[in-house]
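Structures incoming, each one as C-alpha cells.
In the two complexes below, chain A is the common chain; its partner is chain B in one and chain C in the other.
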Partner chain A sequence: MSLRGRRNLFALGVLGFSVLFLWGLNGLPAFGHYEGVYGITLNRVAVTQRHATNLVAAVTFDYRGFDTLGEEFILFAAVVGVAILLRAQRDEAATPDEEDEETKDESRDAPHTSDAVRVLGLALIGPTVLFGLYIVAHGHLTPGGGFQGGVVLATAALLVYLTGEYVALRRVSPESVTELAESVGAGGYAAIGFIGLLTGQAFLTNVLPLGMTGQLNSSGTILLINLAVGVGVAGGFSLILAEFLEQTLLVREREHG
Partner chain B sequence: MSFLPFAVAAWLFAVGLYGIVTSRHLIHLVVCLSVVQSSTYVLLLAIGYRTGASAPIFVEIPPGAPAVDPVVQALTLTDVVVAATVSALLLAMAVQVHKKAGTFDPDELDTLQG
Partner chain C sequence: MSVLLPLSVVVPLVAATLLMAASRAWNRRGYDVFAIAAAGSVLVICIVLLFNSTREPMVYWFGDWSPKDGVALGVSFVAEPIALTLATLAAFLVTASLVYSWHFFDTVGNLFHVLMLVFLGAMIGFCLTGDLFTLFVFFELMSVTAFSLAGYKIEEEGSLQGSLNFAVTNSIGAFLILSGIALLYGRTGALNLAQIGESLAGGPADGLVITAFVFLIAGYFVKAAVVPFHFWLPDTYASAPTPVCVLFAGILSELGLYAIARVYWTMFDGVFGAGLVNLRAVMVGTGAVTAIVGAVMCWPQRHIKRLLAFSTVSHVGMFLVGVGLFSPVALAGTVVYLVTDGLVKGSLFFCAGILLHRLSSVDELGCDGLGRDIPYTGILFLLGGLGLAGLPPFGTFVGKAIIEEEAAHLGYSWVTYLVVAASVLTAAPVLRAGARVFWGYGPGDAYGHHSEAEGDEGEPETSEARDITPPLMWVTAAALLGVSLVAGMIPDLSIRLEPAADFFLDRGAYADLVLRGVTPHEVPLPPGAPLLKGAVIGLITALAAVFAAAMGLWHAKLPASMKGIIAKGLGPPFGRLRALHSGHVGDYVAWLTVGVAVLGGLLAATIG
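After this line comes the complex of A and B, so read on.
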C-alpha cells in the first residue's frame, strides 16, 4: 500500500477511534474522582488481610497473582524468543576455525571506553546490585518488587559490560546461570502457587504465615513470589542484554574482517 | 482541565500509531509501538487517580485512608514489563530482517522470502 493510502486509512482509523474514545470517556468518572469499588475496598482491607503495606505488590502477587503468573510466562516466552532468534544466526556465523574462543577473545573486546566511564561504572556496580536486592526484598513493604528490582539487577550486568569488556560480562553472568535464573524464577512462581493446592485450597492462595505487618519477613507468599520474580526477571533481562551484545560483536566482526 | 490526562493518552496513542503507519525504519517502528503502549499507562493511571489521595503504600498512613487505586497501578506494572519484553523481541526480529534482507525499510520487504 502506498504511503498516501496508508495515511488515508490512518485518518479513517483515528476518526473512528476518537468517536469511540469520546463515547467511552463519557461513561468514566471525572479525573480525580475515581469510584471503583474494587480499589477502594482493597485499600481498606488489604493491609489487615495480607499484612503487606505496598498494595500494588499485594494486588500483583496475591489478589491478581494468577494474572501475573501468565505475565511471567509472557516474559519467559519473549526472552526465549529473543534467544532463539538471535542464536540461530550466531551458530551460522561460527566457522570451525573459531572454535578456540580464548584466542579470539582479543578481537572481541568492546570498543575503547574512557577511563571516566570505567571508574564510574565500576564504582556503581556494587551499589546497583545492593539496590536491586533491596528493591526485590522490600517489594511487599515499599514501592518496588520483583519486576523493578530484577531490572535493576540486570543493569548491573550492563555496567559490567560498559566498564570491562564482553568477556568480563560472560564471566560474571554466564549464559547457563542467566538461563537457569530465568527458568527458576518462572518455575518457582508456579511452584509457590502449588503450595496453596497442597493445603487443599485454591492455586496461589496465600497460605503461609503472614508475620508482622511492616516487617521484612511478612505477607506470606507475596514475599516469596517477589523473590522468585526478581530472580527470573534479572536472569531474563541479563540474557536479553547478553544476546544483543553478542549480536553487535558478530556484526562488527563481519564488517571488519 | 480534568480531561487533560485522557487527552494525553489519546494523543500518545494517535501519534504513535501515525508513526507506525508511516514508518520507514523498523527500529523507528518499534519505538513508535512503545509510544502507543505508553498511552495505556497514562490512561490506566488517570482512571485510578483520586484528588488529594496518597499512594497505596500504607506505611505511614492508616488502612482505609484515601489512596489511589492499586489495581490499575498493578495493571500498569504488568503492562510495562510486557512492553519491554515485546520491544526486545521485535528488535531481535529487526536485527534478523536486516541480516536476511539487508534493509530496515518495511516498504522494501513486500515479498515473502522462504
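After this line comes the complex of A and C, so read on.
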C-alpha cells in the first residue's frame, strides 16, 4: 500500500475508532461518583484483614496475588526474551585472535566521562542502593514495593556503568548473578505461594503472622513477596541493561572496525 | 484433588525458574529431560483434572478469598471440561514440541526451554481463570513469550521482522483489551467474570457495554488472526522455529476464540441476549470471510510453512463460525474440530521441520522430487493433508459435521458449502506440495506465478547429520496424527462434550457455581446423532481436495481456453488480495483500526 493509501485508511479507521471510544466513555459514571463494589469493599476491610497500610500492596500481593505472580513472570519472560533476541550471533562474536588486546580495550572504552559525572555518580551509588532497599522493604506500609524498589536498585547498576566502565558493571553484576537473582525472585514468589498449600490452605494464602499494623514486620507474606519481587526485578533490569549495553558495544566495535 | 488446579500453572512456571537458575550447572540433555518431564507432568495433571471436571466442575480461590455476598475479593480458577480440554491440548503440544526439539538448536543453552515452559503455564492459566483481569495478565504472558519464541532465529532477517509485526499488532490488541476491561470495571466495579455478568445483566446494552465488548473481541481477534486482524500471522509463522509454529497454529490462535466464547457467555449473554440473532450474523459472517480469505491465500503459496499459516487463518474462520453460532451443540462440535485440527496441523508443521532438516528448505518448487528418499515423512504429510480435508475417520470430520448440521438448524445452511470449499482449498495445496516434494509429481517449471515468499533457503534448524531423520522427529509427527485419528473413532466424543458445552453457555449456572458455590445439575447425555452424512461429506471433500491438488500439479495440461478464463477471472482480484498482505506493519495497524471501527459500527447498528 502506498504511504498515502495507508494514511487515508488509518485516518478512516481512527475516526470510527474515536467515535466508538467516546460513545463508550460516555457511559462511565460521572467524575467523583465511583460506585464500584470491589473497591469500596476492599477500602473498608483491607487494613483490618491484612494489616497493610498500603492498600495497593494488599490488593496486588494478597487479594489478587495470583495476578501479580503472572506479572512477575511477564517480566521474567521479557528478560529471557531480551537475552534471546540480543544474544551474540555467530558473525557478531568478536574472535580474540583477530584483534590484539590493546585496540580491543580502547574500543570497549565508553566515551570520555567527565569527572563531575564520576564523582556525582559514585556519591549516588550508596544512597541509591539504600533507597532501593527501603522502598522494597516498606511496600506494605507506604507507596512502593518490590517492583519499584527493584528498579531503583537496578539504577545503581547503571550508575556503576556511568561512573566507571562496562567492565566494572560486569564485575559488580555478572550475568550469572543477575540470572540467578531473576530466577530466585520469580521462583521465590511462587515458593511463598506454596506455604499456603503446605498448611493445607489455598495457594498464596497469607498464613504468616500479620503483626502489628504500621510496623515494618507486619502483613505476613506481603512483605516476603515484596522482597522476592525486589530481588527479581533488580536482577531482571540489570540483565536487560547489560544485554543492551553489550549490544551497543558490539555495534560500536563493528563501526570502529 | 483441588490442589492440582494451581499446580497446573505453577509447576511449569517454577520449572522454568529452576531451569534458568541451573543454566551453568547442566548440559543440554539435562535441560531437555527436565523440560520434558515438567511439561509431561503438567499434561498428566491436566488429564486428571479433565476427567474430574466431567463429573463435577470445580472452583478454586487463590489465597482462600472465597466471595462474600456475591462479591469476589480474590482470583478464581474454574475447572470445567472445555477449558481443561484446551489446557490438555496445550500441555500435549508443548510436550510433543519439546520432544521434537531434542535435535534442535544445539548451540543456545536453556533459554528456549525456559520460554516454552513459561508459555505452557501462561496458556493453562489463560484457560482456567475465572477473572477478567487475570485473563489479561495471562494473555500478556503468552504474548511476551510468543514474541521471543517467534523471533528465536535471530540470524534470519525475516524472523525478526515477523516477530516485530507480531509484537506490534498484538500489543495494540492488548491495549484494546485493557481499555475494554477499564470500561467494564468503571461500570460494574468488578473483575470476576460471573460478577460482571450479573451486574451487567441488570443494566442497558448501551454504548459503554457495546464498546467494551468490541474492544475485547477485537483484541482476541488479533490473537486468533481473524480477518482483517490476521495479517501478522503468515509473516510470523513462516519464520518461527518449527516447534513454535506447532504451538502457534495448534493452540495459540484457538485460545483467542476460546476467550471470546468465555467472555461472551459469562458476561455479555444477559445484557445482549435480545440481540443474539444479529450478533450471530456478525460473528458467522466474520468467520466466513476469514475462512475464505485464508483458503484463497493458501492455494498459491510455495513456502510450505506459509501455506500452513494461511490454512490456519482459514480454519480459525471456520472455528469462529462454530463459536459464533452461539449454541451448545455448535460449541461442542467446534471444540472437537479445533482439537483434532490442531493436532493434524501440528503434525504437518513437524513434517515441514523434517524437510527443513533434510533439505534445508521448505520451498515446494525448490524441493521438487527431492523428498523421494523420505517417503514415510511424505506419507505422514499426505495423511495430514487428508486429515485437514476431514477424511473419516480423522476427528476433523466429526467436528465439521456437527457445526454444519447445527448451522443449518439455525438457518445458515450455506455453512456446509463454506466449510467444504475452505477445506478443499486448504487441503489441496498441502496434497499438491506433498506429491511434488516427496514424489516429484507435476512439472515444476510450469508454475506460472510467484508467491510473496520466494523459496528462500531457510536457515537449517538442526546441525546433526542430514542424511537421516532423527526418530524423535517423525515419531512426534506420527503421534499427533495418530491421536487425531483415534479421536475421530471415539463414537460419542462430541456428545460427551455437550453437557460441558451446556454448562459453558449457562451464565446463571456458572455464576451460581463461582459466586455461591452451587454445583450445577447433572445434565443427561443427549442421544447420539448419526454422523453418516458428515462422513460422506468428509469423503467427498477429501476426494475434491485430491482432484484439486492434481489440477494444481498438472494445470499446464488444461485446455488453453480454460486457463485463459481462470487467469482473467481470478487473476486481478486475487492479485489485489495478495497485495494487501504487504509485510508492512503500518498497513496491518491501519487494517486493525478499520476492523475495530467496522466491528463497532456493525454491533452498534444491530444491538444498540
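What we mean here is this: the second predicted complex is superposed on the first by the 242 of 257 C-alpha atoms of A that agree within 3 Å, B and C clash if a C-alpha of one lies under 4 Å from a C-alpha of the other, contacts with A are read in each partner's own complex, and residues count from 1 in each chain.
The working rule: a contact is a pair of C-beta atoms (placed from the backbone, for glycine too) under 8 Å apart; a residue touches a chain by one contact, two chains touch by 3 or more.
Predicted, not measured: the structure shown is a model, and the values here were computed from it.
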item: Partner chain(s) touched by A:L141 [first = chain B, second = chain C, both, neither]; value: first
item: Touching partner for A:R6 - first (chain B), second (chain C), both, neither; value: both
item: Partner chain in contact with A:L28 - chain B first, chain C second, else both or neither; value: both
item: Contacts of A:R64 with chain B and chain C, given as first, second, both or neither; value: both
item: Contacts of A:P209 with chain B and chain C, given as first, second, both or neither; value: neither
item: Which superposed partner A:V14 touches (first chain B, second chain C, both, neither); value: both
item: First, second, both or neither for A:I240, with chain B first and chain C second; value: first
item: Which of chain B and chain C A:G81 touches, first, second, both or neither; value: both
item: Which superposed partner A:G39 touches (first chain B, second chain C, both, neither); value: both
item: Shared chain A contacts, counted only where both chain B and chain C touch the same residue; value: 6, 9-10, 13-14, 17, 21, 25, 28, 34, 36, 38-40, 42, 64, 67, 71, 74, 78, 81-82, 85, 89
item: Residues on chain A engaged by chain C in the complex (per definition of touch); value: 1, 6, 9-10, 12-17, 19-21, 23-29, 34-42, 62-67, 69-71, 73-74, 76-78, 80-85, 87, 89-91, 176, 179-180, 182-184, 186-187, 190-191, 193-194, 196-197, 201-206
item: Parts of chain B lying in touch with chain A, wherever the complex brings them together; value: 2-6, 10, 13-14, 17-18, 21-22, 46-51, 55-59, 63-74, 77-78, 80-82, 84-86, 88-89, 91-93, 95-96, 99
item: Chain B contact footprint on chain A (complex, rising order); value: 3, 6-7, 9-10, 13-14, 17-18, 21, 25, 28, 30-34, 36, 38-40, 42-48, 53-56, 58-60, 64, 67-68, 71, 74-75, 78-79, 81-82, 85-86, 89, 141-143, 145, 147, 151, 214, 233, 236, 240, 243-244, 247
item: Residue ranges of chain C in contact with chain A within the complex; value: 3, 6, 10, 13-14, 16-18, 20-21, 23-24, 60-65, 68, 71-75, 108, 111-112, 114-115, 118, 121-122, 125, 131, 133-134, 137-138, 140-141, 144-145, 147-148, 151-152, 154-155, 160, 163, 179, 183, 185-191, 206-212, 214-215, 579-580, 582, 584, 586-587, 589-598, 600-601, 604
